[in-house]
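If you scroll down you'll find the structure; I have some questions about it.
Naming follows writing order (A, B, C, D, E and F), and every chain is counted from residue 1.
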Amino acid sequence: MDTGDTAWVLAASALVLLMTPGLAFFYGGLVGRTNALATIMHSFVTIALISVVWVLWGYTLAFGPDKGHFIGGLEWFGLRDVGMEPGDYSATLPHNIFMAFQMMFAIITPALITGAMVGRIKFKTFLVFIVLWSTIVYAPLAHWVWGLGGWLGDLSSLGMSGLEGKALDFAGGTVVHISSGVSALAAATVLGRRKSIATEPEIPHNIPFVVLGAGLLWFGWFGFNAGSALGANGAAANAFVTTNTAAAMAALSWMTMSWWRGGAPSVVGAASGAVAGLVAITPAAGFVTPAAAIIIGFVAGVLCYFATQFRAKLKVDDALDVWAVHGVGGTWGALATGLFAVASIGGIDGLFAGNPGQVVNQLIAIGVTWIWAFGWTFVLLKVLDKVMGLRVAEGDEAVGLDASQHGEPAYTL
Amino acid sequence: MNKVEAIIRPERLSMVVAALAEEGFHGLNTAQVTGRGEQRGIAHVGRAGQSYVVDMLPKIKLEIVVKDQDTTRVIDIIVAAARTGQVGDGKIFVLPVSSAIRVRTGETGEIAL
Amino acid sequence: MNKVEAIIRPERLSMVVAALAEEGFHGLNTAQVTGRGEQRGIAHVGRAGQSYVVDMLPKIKLEIVVKDQDTTRVIDIIVAAARTGQVGDGKIFVLPVSSAIRVRTGETGEIAL
Amino acid sequence: MNKVEAIIRPERLSMVVAALAEEGFHGLNTAQVTGRGEQRGIAHVGRAGQSYVVDMLPKIKLEIVVKDQDTTRVIDIIVAAARTGQVGDGKIFVLPVSSAIRVRTGETGEIAL
Amino acid sequence: MDTGDTAWVLAASALVLLMTPGLAFFYGGLVGRTNALATIMHSFVTIALISVVWVLWGYTLAFGPDKGHFIGGLEWFGLRDVGMEPGDYSATLPHNIFMAFQMMFAIITPALITGAMVGRIKFKTFLVFIVLWSTIVYAPLAHWVWGLGGWLGDLSSLGMSGLEGKALDFAGGTVVHISSGVSALAAATVLGRRKSIATEPEIPHNIPFVVLGAGLLWFGWFGFNAGSALGANGAAANAFVTTNTAAAMAALSWMTMSWWRGGAPSVVGAASGAVAGLVAITPAAGFVTPAAAIIIGFVAGVLCYFATQFRAKLKVDDALDVWAVHGVGGTWGALATGLFAVASIGGIDGLFAGNPGQVVNQLIAIGVTWIWAFGWTFVLLKVLDKVMGLRVAEGDEAVGLDASQHGEPAYTL
Amino acid sequence: MDTGDTAWVLAASALVLLMTPGLAFFYGGLVGRTNALATIMHSFVTIALISVVWVLWGYTLAFGPDKGHFIGGLEWFGLRDVGMEPGDYSATLPHNIFMAFQMMFAIITPALITGAMVGRIKFKTFLVFIVLWSTIVYAPLAHWVWGLGGWLGDLSSLGMSGLEGKALDFAGGTVVHISSGVSALAAATVLGRRKSIATEPEIPHNIPFVVLGAGLLWFGWFGFNAGSALGANGAAANAFVTTNTAAAMAALSWMTMSWWRGGAPSVVGAASGAVAGLVAITPAAGFVTPAAAIIIGFVAGVLCYFATQFRAKLKVDDALDVWAVHGVGGTWGALATGLFAVASIGGIDGLFAGNPGQVVNQLIAIGVTWIWAFGWTFVLLKVLDKVMGLRVAEGDEAVGLDASQHGEPAYTL
């Protein structure tokens, strides 16, 4: 055990926890006034809900003793055997802080999806969905990529000729971002569009909150990515630098796109760009150089900008563009990891360093994640719609979820 | 007595209020309103660069109740201070007021203004 | 001229505004108000679960000054677009306006609308 | 019918509203306004200790449309509940209303109040 | 000295500092608009005031060389002898960072009380009260429990037969939460009720600020509890996990209560529940398992919910329910520590692990803290009322403290 | 390499990053509603812009291999040779985390200047200015004081008789605060006053945001100052304590001044005072005792208060008093370092410990920074005014920069 490594992962875990309140403000500021509080609540209650789920069965399903490369066993239910001594995942950290660090990832991932559900989902159904999604979609995905024995972490375990090595995902490009982004697309599809969206554009009710959220996310993301080095060392520092660089570059490129094509440098655009850059660098942070991070960030800003425009044409009411930012940004990042990885940073080369096979591995992970997340989310929500109903009554939607679901107006100014 | 209701640009408010005070009209009240007229709105930019026109613009509604004989003077002061010459300068409406009461003293009529 | 003041549900605002525009009534202004009527309020929930009734509800006040002959048409448009049939749909009041001035040009009378 | 417009102190609103309700006047609406009158403003303190007078103070405008015969009673109720006796208590204005319509039912006239 | 331990306690101290601005927003959002800024200021100015008090005489009274098991001496006045080398309180940390970490606790404790004084206390009297309270109430309490030689930290020092061992308080259940919660009750009693409270329910003016505050508190609380391990190790990690778990569970249970009995899942309820859970786990964090934390949190949410309802009936205007959340939650936590402690976590067993004596010790600490805090606060405020006056003039109360005490409106939107 | 030191500097770097969003809210809350978002954006976009500049050429100019004691060479362009191993600046840290830590300083410094440009600067020109200023003004200054071989870091390198030792600047009193504060004065002079300022006093539109910003700044400043020890040790802890103490004392003294001379204890005054105290202690944090920090903070609050009043008389529209707080506060701090330094804390004595020469060194650094920053900023802005235009059109100024520059209203409440 190493106190320095432990100190950093303790701090990093706290940082990642803060990301979800940050997300609450990023999302909450983007919606109209009558749904502001409900949107914030979606993130806040997810912290509470998943914290409990993770301690009870989430962690053991994702990281517990491997069953057939597919899922963890229930041996660590309720954190049995997850103690203060180092576990299998890190020799220099107490096992329970590794568990806690991973918990924060499990929390923010479903919270991200909530951006697609704004203004119309029933709160009760929402709670059930989040618990099911975390159990059925997230836990297996996390196991495949990061669990000991997971098949995406060791492709040769599939025993298919030609497949070897692993899909690289430093801090959650597939597990966190593609999975939530693609699930958001499915959710928006099943839920259908808000009634009001046809007649009035949604104007963000509080853009300072959007910037506050983006600032807290950026801050917390250092824990997310640099914490994923699981130690206080040069690798963590490299992840820190690539993270910051990609976020900055994507903020600039998205802002520039909105300026060039929309006529003014959008503040919401800059904040969204920063998030897009953070998303894209997430799988790559520990594998690429800062110079590559500039390119990854630049492309993320431009690509997610266009994805947002494309989504608007799709008429799918993914209100806060979770798919365009996390789905597309995460996909680009997972791919870019296969392109720009260099062994001198993270031990594995990518295409540009002469290892085209890595791109194949990345594409497998990307494809599998898209299918898994979209499919399950679609099915889960269709079933829940039958069983409990997904959408609030039309009148409730018209007055907004703050009043109709929570009986509380966000402000009395 | 008349109530003069002026819908003006927010950025002209302080000038209008100052101009009225200079001429001895101290009592008035203002409210934030959102208005639409010939001025067809400002193009807002969404994060995806989509520019949508918000044709309801923030305006200030200034209300001042005045004696009949002061009505035109007050209107002239407001017009002079609020005008930029661009579309969107606003409108002034005059409504008859049948009585006025000062809450503090209970006085009624023009003396209450 | 008349000022038509309509107190309506916030969620109906965009429909009312659109309906008016369709019929050629562009100029208007709106303000956020809080109102009480027969609709007796929404039960709010405190953190201790105590539900208290807030009988002052958010409403929108829409004001539009129109020529005498347009008054009933405007009222009809608003009623049609704002009605849900539930208590709380709101009220419309008509007040006489003795003159109107366009700040930009100084024009007065109906031409200023 | 008349519209009674009362500009009152924000901290008196709940008392005025309660007093009106007690006497059977339920329908009304209120808006936040900013006003200036004889009350010359509150001295605000800047961070550099410079105290500047903000002579536009927050007030509440309460509007209630009532039958002609109820007008004085309503005014009396408001005056009684809003008065503190200090400068800044506010004003009440009465404006004629030529018609009233209930959106929900389309009823017009005093029955719509 | 250990750089890893020092790194964590440095970070933890910063985290705990942030809790008080977090509290400012939690409280500030809950009050009406005309008292928003004054409420925020109560917390903010407490940071400034107690920081100076602590450096001058607070630390030495609480942690300085023991005088009769009751109070620290003035030997370390102005931080004399509190230097960059390890002191008596930790071999692996510079003495001055231990001092700074403790300072943050001394700051937030009186800030918590301010929730009971909303909307009517004179600012000048408030400042004097805070300084006196910190000196007279807090410093001795901290000494008894955490100071070397303090009697609650070694009950045998009383020399009474049957008393032995110590009262457990990992991070401040008695010292911080019971003391502030009970003082709030006394303060609300002496101050009397706000005039307006009879005619209108107080509606929170900005619930997003409440969630922001709760989020920052939750984040900072990792420093509070996990930092109290005074090192980067498995004990810190355990405190981290139990803290998060209890907060989550209590947020869920309070929200559920408000749903079940009030008709809608209150967002303010969820935020209040999270705080209640954090309070309850504070004394227990380093002594219990995550599984116990689920129970502790669950009970905290339900209990504090009912305490809030009960307080409303009492007609005591503890406006933001400091007593119901911190007093009752802290009492439950201190008791639960005696119930659920297990030696494998923190070295000492509680009742359920076969050591009923620990419950006795906890009850002594609880009782003493209630009496000490209530009594002194009551007396101090009565005296200050005589000497300087406690309440603002009626007209000042009516326009709100922002305008009448500070000459600044919170917003000009 | 030391994991504990690395853990602390990783956390400190994240903390300093958060300061700039904190600044965005501190500044954004102080301005009127129609410029709120643009003001926030000035800080936010500076994070993005300088992050990229620093990685490309900023770091190597400031910290790269010395050229004539004046500037770093371009050898480390794009972070070439800035890797995961310890570099020349610290044996216990990866070189890239030292680079990242310094990056955060490079970000916040130009962001501070934006407080002088409120409500009238063209966004495009602003972006160009920030890049030029960082390159031409900041990088050399940082090199002189902190770069290996920089002349202010070793005055004997000038070869002038009587000059020896170094100018002390623990965390950026000259490099960060004097440079930004004095540049703000130059910027306000060149830009001219806002039209509206003559007719209406500017009333802060959202004081809770001001407190939020001050809270985040205070929190982040622990990273700024205690992080500058580049390790987790007693020196870091001492900087932590002096930082907190000076901030607290200055908040109290400014608040008291506003009370005494303005009639009410201003909340904005307390927040501004805290920032003034943080500024003043910045150069001194690692060289003075906590007792000295009380004096430094006290004087900072009083002095910057008067500087703010003095500035108002100057009719220079430094809207948010960057000069009065950072220029004057930074100058006082740099001087105070020369007065109060004691060798037992930071290895070097100041005047009161019998080393008057240190004051001379401090005065040289102060004078040089004033001239360098004022001169270049003045010239740069004059040139940009000619080339691109500095101010927006009069009508755009009247409706506010949010609408005219960004096409986004801050709130739709």
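Basically, a residue touches a chain if its C-beta (ideal position, glycine included) is under 8 Å from a C-beta of that chain, and two chains touch if they have at least 3 such contacts.
Computed from a prediction, not measured in an experiment: that's the story for all the values here.
The fewest steps needed to get from chain C to chain E, moving only between touching chains, is 1. Any chain that touches chain C and also touches chain F is listed here: A, B, D, E.
The pair with more inter-chain C-beta contacts, choosing from D-F and D-E, is D-F. Homomeric contact chain C/chain D: same residue numbering on both sides for under half of the interface positions. Work out the mean CA point of chain B and of chain D, and you get 18 Å between them. Here the spacing of chain A and chain B, counted between their Cα centres, is 49 Å. Chain A and chain F have centres, each the mean of its CA atoms, that are 34 Å apart. Spacing of chain A relative to chain C, judged by their CA centroids, is 44 angstrom. Residues of chain E in contact with two or more other chains: 2-5, 7-8, 11, 203, 206, 212, 232, 262-264, 266, 268, 271, 406-409, 411, 413. Listed for chain B are residues 31, 43-45, 51, 84, 86, 95-96, each touching two or more other chains.
Under the contact rule stated at the top, the pairs of chains that touch are A-B, A-C, A-E, A-F, B-C, B-D, B-F, C-D, C-E, D-E, D-F, E-F.
Listing the residues of chain B that touch chain D in their complex gives 1, 3, 17, 26-31, 63, 65, 95-104, 106, 112-113.
Residues 9-11, 14-15, 18, 42-45, 51, 58, 84, 86 of chain D are the ones touching chain E in the complex.
Contacts from chain C toward chain D in the complex involve residues 2, 6-8, 31-38, 56, 59, 61, 75, 78-79, 82-96. Note for the complex: chain F touches chain B at residues 34, 196, 199-200, 395, 398-400, 403, 406-409. On the side of chain A, the complex with chain B involves touching residues 201, 203, 254, 257-258, 260-264, 266, 268-269, 271-272, 305, 308-309, 312, 321.
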